[in-house]
Amino acid sequence: MLKIGIIGAGRIGKVHGESITKYVKNAEVKAIADVFLNEATEEWAKDMGIPNTYKDYKKILEDDEIDAVLICSSTDTHSKISIEAIRAGKNVFCEKPIDHDLSRIKEVIDELKKSKVKYQVGFNRRFDHNFKAVRSAVAKGKIGEPHILKITSRDPEPPSIDYVKVSGGIFLDMTIHDFDMVRYLLDSEVVEVYASGNVLIDNAIGKAGDIDTAIVTLKMKSGALAVIDNSRKAAYGYDQRAEVFGSLGQVSVENDSNSSAVISTKDGVTGEKPLFFFLERYMQAYAQEISEFIDAIVNDTEVPVNADDGLKAVLIGEAATKSLKANRPVKISEIEY
Amino acid sequence: MLKIGIIGAGRIGKVHGESITKYVKNAEVKAIADVFLNEATEEWAKDMGIPNTYKDYKKILEDDEIDAVLICSSTDTHSKISIEAIRAGKNVFCEKPIDHDLSRIKEVIDELKKSKVKYQVGFNRRFDHNFKAVRSAVAKGKIGEPHILKITSRDPEPPSIDYVKVSGGIFLDMTIHDFDMVRYLLDSEVVEVYASGNVLIDNAIGKAGDIDTAIVTLKMKSGALAVIDNSRKAAYGYDQRAEVFGSLGQVSVENDSNSSAVISTKDGVTGEKPLFFFLERYMQAYAQEISEFIDAIVNDTEVPVNADDGLKAVLIGEAATKSLKANRPVKISEIEY
Amino acid sequence: MLKIGIIGAGRIGKVHGESITKYVKNAEVKAIADVFLNEATEEWAKDMGIPNTYKDYKKILEDDEIDAVLICSSTDTHSKISIEAIRAGKNVFCEKPIDHDLSRIKEVIDELKKSKVKYQVGFNRRFDHNFKAVRSAVAKGKIGEPHILKITSRDPEPPSIDYVKVSGGIFLDMTIHDFDMVRYLLDSEVVEVYASGNVLIDNAIGKAGDIDTAIVTLKMKSGALAVIDNSRKAAYGYDQRAEVFGSLGQVSVENDSNSSAVISTKDGVTGEKPLFFFLERYMQAYAQEISEFIDAIVNDTEVPVNADDGLKAVLIGEAATKSLKANRPVKISEIEY
Amino acid sequence: MLKIGIIGAGRIGKVHGESITKYVKNAEVKAIADVFLNEATEEWAKDMGIPNTYKDYKKILEDDEIDAVLICSSTDTHSKISIEAIRAGKNVFCEKPIDHDLSRIKEVIDELKKSKVKYQVGFNRRFDHNFKAVRSAVAKGKIGEPHILKITSRDPEPPSIDYVKVSGGIFLDMTIHDFDMVRYLLDSEVVEVYASGNVLIDNAIGKAGDIDTAIVTLKMKSGALAVIDNSRKAAYGYDQRAEVFGSLGQVSVENDSNSSAVISTKDGVTGEKPLFFFLERYMQAYAQEISEFIDAIVNDTEVPVNADDGLKAVLIGEAATKSLKANRPVKISEIEY
């Protein structure tokens, strides 16, 4: 029975805590730490049967019984805590991104080279049933050589302007998931990026120096082309689709909804909207990613998403950010770190 | 170039006239006759380039240049004109049903035995792209041995009460198409029928001695079972679907609509309604059935829907009518004629 | 924290045990009893953290700490254990059917009248996301007055012939779920049943006195008509669909599948098959039904499926069985008990 | 009755000839001219009832009875014949593109300024039922302000290498239709284009100086973004889809297929492929565009696609071509003519 410590008791920390408690066979949460530890979190921990709650995450790192930590705190603390946890000999699951600063990601990777701990990054979409089905079809050669990948990724609501200001920009905050998907679905590296974007939803986002609508074209090492379209606000809910087109055909996935019910009346033939947002859509994917992290530790196998995957996605994000500003295609090799 | 005469210039007569003029290579309409011949019809005939218009259909039968007639007049005249046309040596396309009276259908069949003319009955759905695809899948063995057939057949609006009174009842007027579909899709004969029904849409239909909602179960000679559900009023339009389930799987068809457009908003994901009614849904099927009738004459081959098919559908309709009244299953062999 | 005892450690007993352990907040399994208790079950209980395992279910009934029992043993023991459990003051969740013998169901109901315990019957489909969406649309009047209900319910594989022999026949074993669905989706009682059926899949099923393919028509007190089609073997997997058609339109639900992936190649446009069988399709529904049972106890509210629902479904099953044998419609009021 | 002359009796010339003969009320084809006039074309003209066939198109221009000409000859003759026809006072329908050379398109436009004839360009997709439904939804404000347009446009087979060499490149030959669609669906002008592409299907296409796979991003005057993805070879058939996403939601259209038949077996749930190519998919659109051209002449109203539309699409094509070569975004205002 692996003992887990969770650092950061926000929404995603609790999602992982609940997943481990309910679905993961070989692990249990021993402690949770949050700098803003409050009564609600204490109660939640009690419900989950988590014995220890701390304000200071270092107590988790100091606990010799704890085998692995989940870093679910704010992004600016990810790399610092990652390094401390690695040094403390803990296996680490770190929410995305590892850092907005490439040099700090590099420090984490350097630290990992001196260590034998497992380090997994939280790209949850790789564990989604639909995207896994796309990956599987591509990997099995069902569509031949991939030529074109289209990803549609749109949120139902923009985040708060306060969040936008510290988010690192749409490409590092939101599109980063899609950049990882591009690499995952095509099994090839990105060579060049061209990003176009605009502020069409909320001028305040523009004033905060960001955009809310984007189309990003990517050229892959394999020769394939990929395109991502993003919006911060889809009126009908969380829109998460992908299509890979290749020499023998195409594989595509649609959104999930709450039921397959279709109502036909004089007004039309109406089905349900997509599931509202990431918690609804990816709940099972979150459980699956943690489960595979635990398995990798227990069986001493490779983690499914490693620090290098974390780095690559940020590199592409930096290239996209630069491309948008310069209004020209940017090679990944141009990004220094 | 075959010369055609059309008897009856109502809606369906004009549909056929237009089809022949526009789509059928080897035929042209020489004359149209209608007991209520009016200016609108004269104009329509002129537009179509039809040289002769009559009040008396006998002028068509007397015209030696005319090779084939289309009987599109009211149902109570079908069998009489059929016999006269056969005796006049004309090939005959007769709208369904040949007659409500089985003995008169028999007279037509007897007359045909003495003649060499072609005689086709207007079961247009056999020529619909969707139902043909079902038939083709079944015939090719794609679903193995058929076990269960489900037909959904619902009109968008009930006919006038005046029409209901002379319609012969829902089973001879509306379900008769579905009875033909059962035989066509399963390529087997009906042995027994159980009909249940109710008046749920308009009490006036009940007062006229008919029902407006029905479920009919049919046992086939092959052992397969079939079920038809009917309604005189589907709020969303003409509902025409079928599913055949067999030992190796299932083939099913959906309704056609005007476009594939789907609009997703905060209110749901909405597509178009089915095409409104039979003229919209079956326009191409009407052209196809006439085209195959002409082909059968030109090439001296079997017509795709013969007088026996016309008889069988009425027999099943009679059995269904009897079943509903007696509230028990009725064997086709019980129906005398 | 409610303490639960599970009687019968077969497939469904374990499903419920796991659901309670993982998803149900206010309950925990204290004991499990199985007359064939073996090592695998002992291990499973250990995994789940269930402290007590017995061969004799009476030890559960005698345990004063246990608030509720789940009867998941073989059908022939349901009514007997139900009565014993009620007498022991336990709340009871009983798998369907309560009994094949109507008089024994009546005994259970009589016993319940003398008691204050909750008694819920295991019609899991009422808790399925799709069927709940149909029910909700109907209840909210979105399709107006219901006129026609169509249920398609087909298993992927027939049970063993040994099972068929003791199953009570297809209508009491398999269609019983659909009979409950008819009552649930239309919120009306069945008045009359006509059942047609055949042996098309396996002659051994016929030799065992049963059928494997059926179409059942039901007349409702509300005037609506319903039709169920069943097969013991759908090559493509578990087929569980429903459509309710009414004065204002229709609501329909499709099967669930593992993903929405569609592969388009020169051979066609291919999606995934439906989920294979009931464990895959209804896993969440099983968790939900147990959760609502626990809630009803904790909050002292009505159970969502009561003993009368259990009785009604068997009554309809008996009427269908009689209808098939006599080849005539059978009124529910004809069935004595 | 308008008299029409058709110049060029290739595939598309015959499509229009047949459309006019069969579907267009107020027009008839009086003559067809083709520099390679052969027996097959003579026979086809006879079938259609077209009285005159010529080798020299000038005979059509000289015929005072002819009101309008359809220019369906090879692209390099379009602008020359356009100018001659305008000077001869004929209304002109010209297949796309007017010319590969922008200065020659300008000459046609200059000629038109001196004349009162109608001039329509053959962007047939504007008349497709699906794309019209998208345009209609956008125009009615159903999706609010448009933010993102996605067009997928893929051919089932690449053209011959000989054709590729004279085609003007993929953007002027194939994507030109999509460029027109972008303007039509968003009702806004293109400001800037970024084109990425590759040779993934056939190296011979690369050797001929062209690409076979492309993603083009377009910035619109309205602020909206658009993306087009093209392939010269989709294994599953002609892929013609569009999605417009806006502030209130999204409208999308799928491919058409021959029937809605879906076959479910142990191997999956399989529907039909898209209609094979443009003749199958756009047959009705071709009839509709000619019909609207005739209507514009008869009623003296604006043609639905004018010479300026023809110019704009070529301008965008030139910008895309330049963008691909320079690997940078190109403003439409950079293209001189």
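Order of writing sets the labels: A, B, C and D. Residues in every chain begin at 1.
Note that in this section contacts are C-beta pairs under 8 Å (C-beta built on N, C-alpha and C of every residue); 3 or more make two chains touch, one makes a residue touch a chain.
The structure presented is a predicted model; accordingly, all values stated were derived computationally and were not measured.
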From the centre of subunit A, which other chain's Cα mean sits the farthest off? B
Write down the chain pair with more C-beta contact pairs when C-D is set against A-C. A-C
Counting in whole Å, what is the centre-to-centre distance of subunit A and subunit C, each centre being its mean C-alpha position? 40
Any idea how many Å lie between the Cα centroids of subunit C and subunit D? 58
List, in ascending order, every residue of subunit A touching at least 2 other chains. 235-236, 248-250, 264-266, 272
How is the touch graph of the chains shaped: line, ring, star, complete or other? complete
Touching residues on subunit C, where the partner in the complex is subunit B: 144-145, 147-148, 150, 152, 154, 194, 196-198, 200-201, 213-215, 217, 219, 223-227, 229, 231, 233-236, 239, 245, 247-250, 327-329
Under the touch definition given earlier, write down the residues of subunit D that touch subunit B in their complex. 22-23, 25, 47, 129-130, 132-134, 137, 142-143, 248-256, 258-266, 272
In the complex, subunit D touches subunit C at residues 235-236, 257, 264-274
